[in-house]
Amino acid sequence: MNFLSLFVLIPLLMLFSLWLAKGQKGIRTVMVVGSSALLALAVALTVKFISDRAGGAAEEMLYTASFVWFEPLHISYSVGVDGISVVMLLLSGVIVFTGTFVSWDMCKEYFLWFTLLSMGVFGFFISIDLFMMFMFYEIALIPMYLLIGVWGSGHKEYSAMKLTLMLMGASAFLMLGIFGIFYGAGGQTMNVVDIANHTGGAQIIEFSKQCIWFPFTFVGFGVLGAMFPFHTWSPDGHASAPTAVSMLHAGVLMKLGGYGCFRVAIYLLPEAANELSWIFLILTATGVVYGALSACVQTDLKYLNAYSSVSHCGMVLFAILMLTTTASTGAILQMLSHGLMTALFFAVIGMIYHRAHTRDIRQLNGLMRIVPFLSVAFAIAGLANLGLPGLSGFVAEMTIFVGSFENADTFHRVFTIMATTSIVVAAVYILRMIGKILYGVNLNPEHAKLHDAHWEERFAVICLIVCIAGIGLAPGWLSDVISDSVAPVIDNVKSVGHLLSQSNPFK
Amino acid sequence: MAQTIIFLILAVIILGCGILAVTTKRIMHAATYLMFVLFGTAGLYFLMGYTFLASVQVMVYAGGVVVLYIFALMLTGRQDKKDNHSVSLAKKFAALVATLCGAGLFLFIIVSHRFAENMLTAPSEQTTSVKLIGQQLLSSDKFGYLLPFEVVSILLLACIIGSLIIARKR
Amino acid sequence: MDRLNELINIILGIHVDMTWFLVLSALMMFIGIYGFLTRRNTLAILISVELMLNAADINFAAFNRMLFPEGQEGYIFALFSIAISAAETAIAIAVMINIYRNLKNNFVANLDKLKW
Amino acid sequence: MEYTILILLLPFLSFLFLGLAGKWLSHRASGMIGTAVLAVITILSYCTAYEYFTADRCADGAYATLVPYNMTWLPLGNLNFDLGILLDPISVMMLIVITTVSFMVHIYSFGYMKGERGFQRYYAFLSLFTMSMLGLVVATNIFQMYLFWELVGVSSYLLIGFYYTLPAAVAASKKAFIVTRFADLGFLIGILIFGYYTGSFSFDFVNNLQMADGTTPFIPCAIDKAVAAGGFIIPTALTLMFIGGAGKSAMFPLHIWLPDAMEGPTPVSALIHAATMVVAGVYQVARLFPLWVTYAQDWMPVIIWVGVFTAFYAASVACAQSDIKRVLAFSTISQIAFMMVALGVCTEITTGHEHEGSIGYMASMFHLFTHAMFKACLFLGAGCIIHAVHSNEMEAMGGLRKYLPVTHVTFLISCLAISGIPFFSGFSSKDEIITACMAYNPAVGYIMTAIAAMTAFYMFRLYYGIFWGTENRKLHEEHTPHEESIMTMPLVVLSIITVGVGVYTTLAGFGMFEGYSFGSLISADGHDYRIHFDTSVASLSTVIAICSILLATYIFKGETQPVADKMYAAAPRLHCWAYKRFYMDEVYQFITHRIIFAHVSRPIAWFDRHVIDGFFNFLAWGTHALSFNIRTLQSGRVQQYALVFLIGVLILILMIL
């Protein structure tokens, strides 16, 4: 058994132990041990990956293993990682670890679903078989319904239903896309690497077929990545979800979208990516600005952050569609950075909501004096969100912009400049929010005696801040790891065609 | 000739009583008409020379089933025996149209196929002895029906038990 | 007189053939169907069902008798069919008695608990 | 000179330490730590400056540009995002300016911020600011400049909003950040364009820099490639970057944040909003100056006219303000505009007496230096005054010379300096600027002279309003104003610098002795360039300045001010407009709240909730409605099923037929 499978086995073991665990203490022990093990595994994998790459391991995917699972459909349990999956696994490890601490007081059933969700996420990132990816994707989706529907707040049933239905609708598209790719490539293998390199019995997918399946795959994953105009599940879902679920969802699950778009849509359908990227580029660039502008007038903290996520995740897809190595590296960095900072944001918002029982910006004032720790964390999350140098957001955004500028035609320039305006709008909504809720004087006597964060909350928040600042201060190694793995994909795309497609009327 | 006349008589009985059975208001009358239909059917079996089948028909249907109906009617007695809360005229009309269309379609199919060459011969020309039937029912060879026979036996047993359980008073 | 003779000859020339039985059973079948669709009392509906069953039995017998006189399949099938319909009637009537106990009538319109 | 890296690292560590551990430190200890670190880096900066300026010049007589440290921080495809230290005359000068003023402010804050809640936080932010500003000036490449540019923006935001319980401070901090951020968008796009076409972000435009070990630190910059790709590319990029600089340096119409930024603590205003951060725009233009002058000469009038208009606008607004910090803020805007104009009128890079066009660069940097000193002194003086009377308004002042003697003297020296009176530092630098303007175009020269006269007028209006004029006796008797030595000490130091530099450069400029002057250290191409005043320009500006001062004396000195009252009465609208800063804030307010928020954001939010979300809800609703309707097929009525079944069978048969 390949050691990558531990990423799936540990959550399985955790599920089993949770089932047996008695009392809050037992549950917490299981969760802390399990999530620490996952985090440690992710860190170990990262270190090993970097040292192996430095030692000359040049394959596209390292540590691959494959076991035939269902022969007639050529489904096999195939695992393997490249730099992108490694950083995504690291991100997931951090978020699951901190999420455990944030949901400290939750009950056993909650943690069961939470762990199942983590298993789906980890499984997705280690899989290199289309079907396995799809399966883990579904495993990650379903717990979300229960987590929001049962432990959420507000219109939780509505939001849970909406989120699940929209994501399920997307996965229907996705399934069509995946089967289209599978049969388009000759129906001999589901292995991503084989299909991309036309090995293992896979053929080159015909151009016309690519153009059919690209939109299916891209939209299928794009919905999860909050692509405009399929993003509306995100504000409602995040607003209703319990804190740690918001974290995990925005922090990791939404990244499945971006990762999938890159790994499946762009990697396997390069010609169609060249040809059709312009349509999605318009959508995502619109989404970037649109999300930011919508965030400006939100009054609910979670809605605000959700729209900000729409903007930032739009930036991820936008950068992927630029089809340059630098921009795609930036996209992965942005996923990482957005995952961490939005998790921090949701964590802090959740903690504030838990105390003040409101998320309405108009009803919160002067929190800085009352809950200084949370307020500072909130401010740091906000500053990371608006791209302050030294925190992760800046690195990702700058990489994306520089990468996007590598496409010298007017069409891409115009949309790049459009996307850059979002950083100004981000400043507007973040500072407006910080100014309203942290600064000023508290006017609500009920809020005057709120207690500041507990130790486990502090621990989670500090972990996230350290990660954010770490990436922000020393992004070089991450960028190297990512761009090494992004380059083959983009080269693949570049080798088959030119970005300015015939179908683009704006070129 | 005689066959024709007998067939026609039986057909008239069957169809007439059948129509009456489904249109009469009183259910007791309907059961009675059904009995005539069943007798008519038995007559047809006789006409075909299937005497054993005909007698089974008379015994089981006319003797068993219809009696069962009458008992059931009596047991569910206090309601008025009429089925006069009948369905609306429109529904009746729709049913009639559907039925007529169906019947027309079937008749068209039947007539347009060449069944007419198969004449009915005299009953005496084709007799199936009870002995043969018995052998076939209990044989396990080719053309033996032991398995269905046993299955039906079990079915009947289950049916007896089921009826008892379902109908018993709690 | 000739005409009468001619007519008698024609009538004498008519023989009962396969079609007659089939037409009869088809009509019987559709009478049953009509009854099934229009009656409201469950017993009356059951009566219609018996009509349809009998129509089918006639067909079994007729096909056997006229197309494969040497075989016994239709014959025996009709026998089984009679047995099964007897069983079915017994059960159905037991169910109806039970329904009657609960609902105090036997109208099929009241038996719509199995909807959506 | 590897120790220069400490100049950046130490304040950063101090920021981290004070920020994280400040909670457990006493006010005094945290203040001491911050100040001590700053003292160390001040000394380091002076050492650097000494070592740099005394080192041998290059063969061609120019100061060498050194890169003691450079690392690739983030690889960006073919480009690199480097962090490093670049030493050339202007960055070394900026090191001195920043560390000096910052050190003074650190000391001063002991007195000014005494007992304030969040004292540790204040020193942490000051350290952060100092680090960012130093990082900005020593940037080896334009992206590093942008990075620290954003960081100074955020430290400015944090410091303006230091009194975060006051709504005005919160609003001002937000405004400062958003306005500059908006301008930075231009900067960023300019950087992207520049980086894409030249293939490098580095400031080494001619690719002749070497590290100490002889390696080339940067990816070579291919300016000619960019020029070949289109003549407009470099000017466009530069102009976009200038927008960023204009935002940071509060050029019209992006100046609106600066007056509001005065809501911050006064030492912060002195450090950030007078001496250092606001001149970042000027510094940026100066840094990119070789490109401007070589490739974008035709676009330089943009800088000039934006500068001229801003100088005039700010000076006229300053004449009508009653809040002393606001007066100083507008005066800052006006003076920075002088520096911008000076850069704009500089038409050649080769220095020498036969190249008159090259004075501007040197004049601008010189003014930057002198202005930083005297403006910091003015702001710190204003801080003393505010500390003494607990108000920013001139109404609460008047006649303060009795109570605050040291402040009075230092304030007067700084006012004389900014007015351009000989033997004070402002004279030398401003005179150079006007000379440069005259050389470029006499019209610009005369306009700038007039604005200089306005400067003298409003500064002395301020001076008389504070120290003479109508005294608010009631307030002063209630609470006698006094000054503290820890706060006056920096004032004295800064005014000594002002006078010292003034006397030295004035004498040198008039040819009293042949020695080093400012131009020897800093000039457009790094060559030694001795300042010599153009007598006509110098005398004209001096006379005009003295006239303005006399006019201000006449109007504002007395206990009662009949002339001033009459003037207000004569042109109430003008005064009101000037007082309201010509309603520029209202215009912005209108654009952001009434147009962007009300007519863009809100409709988008509505659209999202109702149209896009509505569409998906409609899908869900439609599915539900459809199911609701077709469920009646499942009626539970056996006969209905039978009918449907029959019809179905018939249809099937028909189809088979």
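Residue numbering begins at 1 within each chain, and the chains themselves are lettered A, B, C and D in the order written.
As a working rule, contacts are C-beta pairs under 8 Å (C-beta built on N, C-alpha and C of every residue); 3 or more make two chains touch, one makes a residue touch a chain.
Not measured: the values here are computed from a predicted model.
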Per-chain CA centroid nearest to the all-protein CA mean: A
C-D against A-D, pair bridged by the larger set of C-beta contacts: A-D
Distance from chain D to chain C - Cα centre to Cα centre, in angstrom: 101
Interchain centroid distance [CA atoms averaged], chain A/chain D, Å: 37
Whole-Å gap separating chain B and chain C, where each centre is the average of the chain's CA atoms: 5
Distance from the mean Cα position of chain D to that of chain B, given in whole angstrom: 104
Multi-chain contact residues (two or more partners), chain A: none
Where chain C touches two or more other chains at once, by residue number: 33, 37-38
Junction residues of chain B, two or more chains touched: 87, 95, 98-99, 102
Complete list of chain pairs which touch one another: A-D, B-C, B-D, C-D
Residue ranges of chain D touching chain A (in the complex, touch as defined): 72-79, 81, 143, 147-148, 150-151, 154, 157, 161, 164-165, 167, 170-171, 173-174, 177-178, 181-182, 184-185, 188-189, 192-193, 195-196, 592, 596-597, 600-602, 604-605, 608, 612-613, 615-617, 620
Complex interface listing, chain D residues touching chain B: 639, 643, 646-647, 650, 653-654, 657
Complex interface listing, chain D residues touching chain C: 631-632, 634-639, 642-643, 646
Sites on chain B touched by chain D in the complex: 87, 94-95, 98-99, 101-102, 105, 109
Chain B contact footprint on chain C (complex, rising order): 11-12, 14-24, 26-35, 37-41, 43-44, 46-48, 50-51, 54, 57-58, 61-62, 65-67, 69, 71-72, 75-76, 78-80, 82-91, 93-98, 100-101, 104-107
